[in-house]
């Protein structure tokens, strides 16, 4: 039974957003030697966040597409910055995804991370706040704040708990992202000086009515925003930070990165870049779609030739998010629904894949495909889960991946058959590299002695993997329960774009 | 009885000489003297200006001259500091060649 | 609204879940019970449903509305709904029927395999998807089954995954199918755009078809081509993937890497025929696209011929059957191409019987021979395996088309359809392909006879170690063989043509039969005459094939060797043995270049150009500048003062300049 | 000649500076007869006196109740308005913290003499006066006083070769630049009809006179030297590196703030800035670029911070330009805010440097390795400081950059904003290098840190927290700086 918020108006979004941050504060007070306690507290906090976000969904009225559960307090009045939160169809699923992923991420790090446990969990919790905050923020500066706030913890996570070249990877990640976001920052300031507010909803209407932008302004501002988000996605050819970051990051880092962080880019496109500068977006549609399509195919080709599993999946992310970007520039509800579903799907499948690679890495301490093979006979349960994740990632009908891909491809095909066809080849290629990996990873004879002693999944791992599987099937067979949340917003959005 | 331009030219000239001295000479002592020269060049200008305005204004205030006195005081203090620093340099570096003080760089 | 339909796919699915999750703990006995009861239950439900629609209460089809699946109100509404009409009824019965038998057979065949429960779980899952495929009331749901069976075949081909070759085969199967599915997807998109729905009923609805018939593609590539043709072709490409037609047939022979029962169920009886099912299901749509149909005919005939030729020289018993399957499928598509959907579907059914029988027979042999598949190491098994021998022979005769066995009727119908379209209509192309198909019929008879001869007749070539160990498989294996033998013996009577006094029950029941209407008396006579001639021809050719085959491979005939020694024979033999080098060609033209290019792109574009040059390059540039500025800090006081002074001068210059400008204005 | 009489306002106006001077004197006297043998002790009484003095001075800032300007005092020699008081506040608080840190720092290097403390106090007093000065003479005297004090501070470690070199460089160039400053003042004085007070100069309307403009420019150069704007920056790295850390910190924060406050007042009040905007733009651009780039490859933290300080002077020039060009009053408010934010952040940074040089005489980035393990709190404080300097959100530095760039865009200087953004992107790189060292690298086995003096810990803690708090709730400070700027612009 979901408590009615109207009765005692609970700032639910703030709760969802800030709970992890408070959790981090709490952790800061705990002695860093009592690791078990730290882990438990972090886990509890993240579950609390999940609970809150479920309450949020319960109070979300899926019949209307407008902003809901808004909280709007002026924060830095003198600079016109307000603490304005709200949730609608664009963000709700992503918020859910985030607060759904985190607990299992924490469970997965139980054994993996053993030095500086405290800092690690604090970083992760702050990261969660950053991510959710970015999804709910309706004030540009507030958004930018969270958007950047995600950067530092992630930077530390990669840099402290990462692999051999972690410093390089972390720095690359940081600078790369900064490049984009700083230009977005300028654009935000420009908007403020132009329309006199940082508030998204106000901006949207002022740009429509009182303070229209001319073509040139729109063009540059859109580019500034799009650049930042394209880097985050990452959109070809701005993707080269991703493989490094993924390979070097610890499991938890990769999971969060692939599961949620990347969505920040596509979300930003849908929430800010395109609605704020629709004309420019439509002018540059062709270019971006081509980039997206290129990314789909290019990423797939790259994934095909990787020997490092994490790299492979990183490139597969490039390919998969190409689909999403492609859909972001469509103007029909179908493909946009597909885009949002695909974000969630990618979060689930890739997140799970990274979790599972983390599991095997804990046991074997290598990510090179050549060091594996024949695991299916050694760790059957693991293999089953892994194959399910792979199938979901290559979009097998009946699992989550397919629904999103189908909608996106349909939309793209309707917009321009060529895009549709080229993008669709990504589906074949996806099967190609994924099965290639599965073959090298799980099947064949067990050649390496070390692989013979690998332990199968233990209960904890099964526990935190199963929810992913459940969701995959759920999304695959009954997506309506999710699309219903999204659709009204999207139809509003499409109307906004069309006129 | 010089006219203002002449005074100004003079001061400018002295100022430039001072600058030249600071730039060109390697002996710290000379450099210090050149610095003083620069300040005093300005003093001439100030006095000149002060004089003109004192004439022009009926109340005949002598702000220029006052300023000059201030500058003289300051210059004296500065000289003191400079000389003590010179001593310091001599103690530590056993040189009074300006160009040898270039350990800190980059 | 009949929710019982749901149980048809649901039973096997439950079986899958139980075996998949608990299988390891349950022990093989329980596993086998669960596994084989599931399809049996499904069969019974299907049977009940079938009874419902044949019992003349006016209901010709059952429908389960299900629940919304991909559902955006007013935009894109795809329900998860099942539809049970004649066509799907027959398919369901075949799938569950033959399926159950093969499950039972597997109990014996897979005894003692470490992956026992895994095997049955997969098998049940496959049944589920296959049933979903034939029951789905819209293309997308059908597509779930479509890809699902692909997945299961992937898993089952690579069932013994310790062997790399098997996995490779499985992977190949999946990828090749995916290529077909790509076309399938695009076809669905076209349907959505032009019909606005994926509902099968709506797609074959006459009004809709007429409406869309006028629409053609714009744009350069396919300008002027009819939309329906496009849809039909795309779907057909999808079908070529599943049903192993040129150019996508290459996966099926490799698929023999899987356990033999799997080959029987998936790669002979059911999955591979789903392409044919699709075409039959969308008959009106295909009929509305004559151009597409002729292409189908061409592909079908060519496939039939090519596969038959290759089958000549295969020595792996399963490979022979595999290629014969490909060839038979080609037959079916040929039939569809010439518009004889009923015949095609009829052949699907009979083929399901006798090809399953043959495979299971070969399975029995292989089982008895302890997984020896090379026919050259067999021979004379007649004595040790009399029962298997008989059943296998029945199968052979059936496929060869010897009356009154199943194959005869279905094949004859196809040939007649070709004859009608070609010779009688006087259409050169069709008649050409009719000749092809006739020839193929003969070759089929020939290589099947060869297969029997090499396996069961002549002197035993069996390895000494195995001698004596070879014995008749009993229990479920025998039972399955027995039932299927009967089925392939009598299956033909399902659809006896009118002029033989039959009523083409199947054709009518599935609604695929196009009975020639308003024929005058003598037209009818002519028709029957034609039908009779073609029948004679097919009989003759089948007999000839069998005879030649017998002469060639009977005890102590030197003919094969003699043939191989003649130059043309040697050449042909080489070609055929190496399957016309198609795999090699694909590898050389597509697979390897693609990987090479990817590698190149990776190093060249991704690593060097983007990462090294642009990303790290710019960073390097900046740092270089930094270094430069750092060096400028010489620590040299006069230098500092000089910069100071010059800076001051420059600034003064700028100032005076700007003031002059300002003054000028 | 009316009899000499001081108004209440006049008395109140000099209170802060007065208290500081007195403090300095007391510190000197209290240490009389104390020879250098005790210079290894942490002479807490000096610090106490300093702190009390600073606190009293700070308190005296609030006595003048009204927010409005009191107009000219002492015949136009100085004024007492919010702008000046804000600047004074920054300086006094800085001196407070420096004094807090100095005891432990100096004693550890055996140089704990009263002179250091009193010089801090004296220069602080001079700076306060500088912030309030509205007349060429008082400006000049204030500047010279503080410079002379700081020259000595820079060379305070007499035994240290590089200290003496730095001090001397500073002195020579300082004197050189004061020559320019003075010459400029002379010109201004002469061409504005012999008026010394800024308001008279503005009134004289000589601003279109070329020579007058040159004069203003030369004054500007004098200030530019003090804040280390390219091309008058050359002394900064060397002096910072040579000087005692605290002296460097004192220069980086107090001298810079005071000079900027004075510069603004001079430009706005004298009305001489009419033709300077191009030049200021050029200066700020060059400074941002060179400062940030040159900082990239530094190994010495002090030098790095020196260059970063130069770069920040570049950023600070932006609001000066904007304010000169724009008539919108809200514009330019970013300057005092940015200075406050910068002060807090830089103090934290130099606090960490102090701690470092207490435990080891080196100040290479490598010496920070593993600091997060051995001194998590210090590392955290430094990290916050660096992040704030880089202008990453949730810190004061971010808000500061936001205001500056926003103002720039608002006033139509988009190119500057873009260059500023690009350069601050570069800066991210070198600000992250210490972070990497502290968090990602393993500690040096060779030396283990001597516990940082309590004063240092306190400073780092307070300033770090302040940086965050200002970053989260900057409203009051923004308002304050806005009003203060309005008092001098309006």
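In this document, chain identifiers A, B, C and D correspond to the written order of the chains, with residue numbering beginning at 1 in each.
One rule holds in what follows: a contact is a pair of C-beta atoms (placed from the backbone, for glycine too) under 8 Å apart; a residue touches a chain by one contact, two chains touch by 3 or more.
From a predicted model like this one, the values you see are computed outputs, not experimental measurements.
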Chain occupying the most central position, where position means C-alpha average: A
Chain A and chain B, separation of their C-alpha mean positions in angstrom: 66
Chain B-chain D separation of Cα centroids, rounded to whole Å: 26
Mean-CA-position distance for chain C and chain A (Å): 37
Chain C and chain D: spacing of chain centres that average the CA atoms, whole Å: 79
Overlap residues in chain A, where contacts from two or more other chains coincide: 175
Touching two or more other chains - residues of chain B: 19, 22, 98, 101, 103-106
Two or more partner chains touched - positions in chain D: 169, 172, 176, 237-238, 298, 429
Chain-to-chain touches, reported pairwise for every pair that qualifies: A-C, A-D, B-C, B-D, C-D
Chain B partner contacts - residues on chain C that touch it in the complex: 630-631, 633-638, 641-642, 645
Interfacial residue positions of chain A with respect to chain D in the complex: 76-79, 141, 144-145, 148-149, 151-152, 155-156, 159-160, 166-167, 170-171, 174-175, 178-179, 182-183, 185-186, 189-190, 192-193
Residues of chain B that touch chain D when the two form their complex: 8, 11, 15, 18-19, 22, 28, 31, 35, 38-39, 41-42, 45-46, 48-50, 52-54, 56-57, 63-64, 66-67, 70-71, 74, 77-78, 81-82, 85-86, 88-89, 91-93, 98, 101, 103-106
Of chain D, residues touching chain A in the complex: 387, 392-394, 399, 402-403, 405-406, 409-410, 414, 417-418, 421-422, 424-425, 428-429, 432, 436, 439-440, 473-475, 478-479, 482
Residues of chain D that touch chain C when the two form their complex: 169, 172-173, 176-177, 180, 208, 210, 213-214, 217-218, 221, 225, 230-232, 234-235, 237-238, 275-276, 278-279, 282-283, 290, 293-298, 426, 429
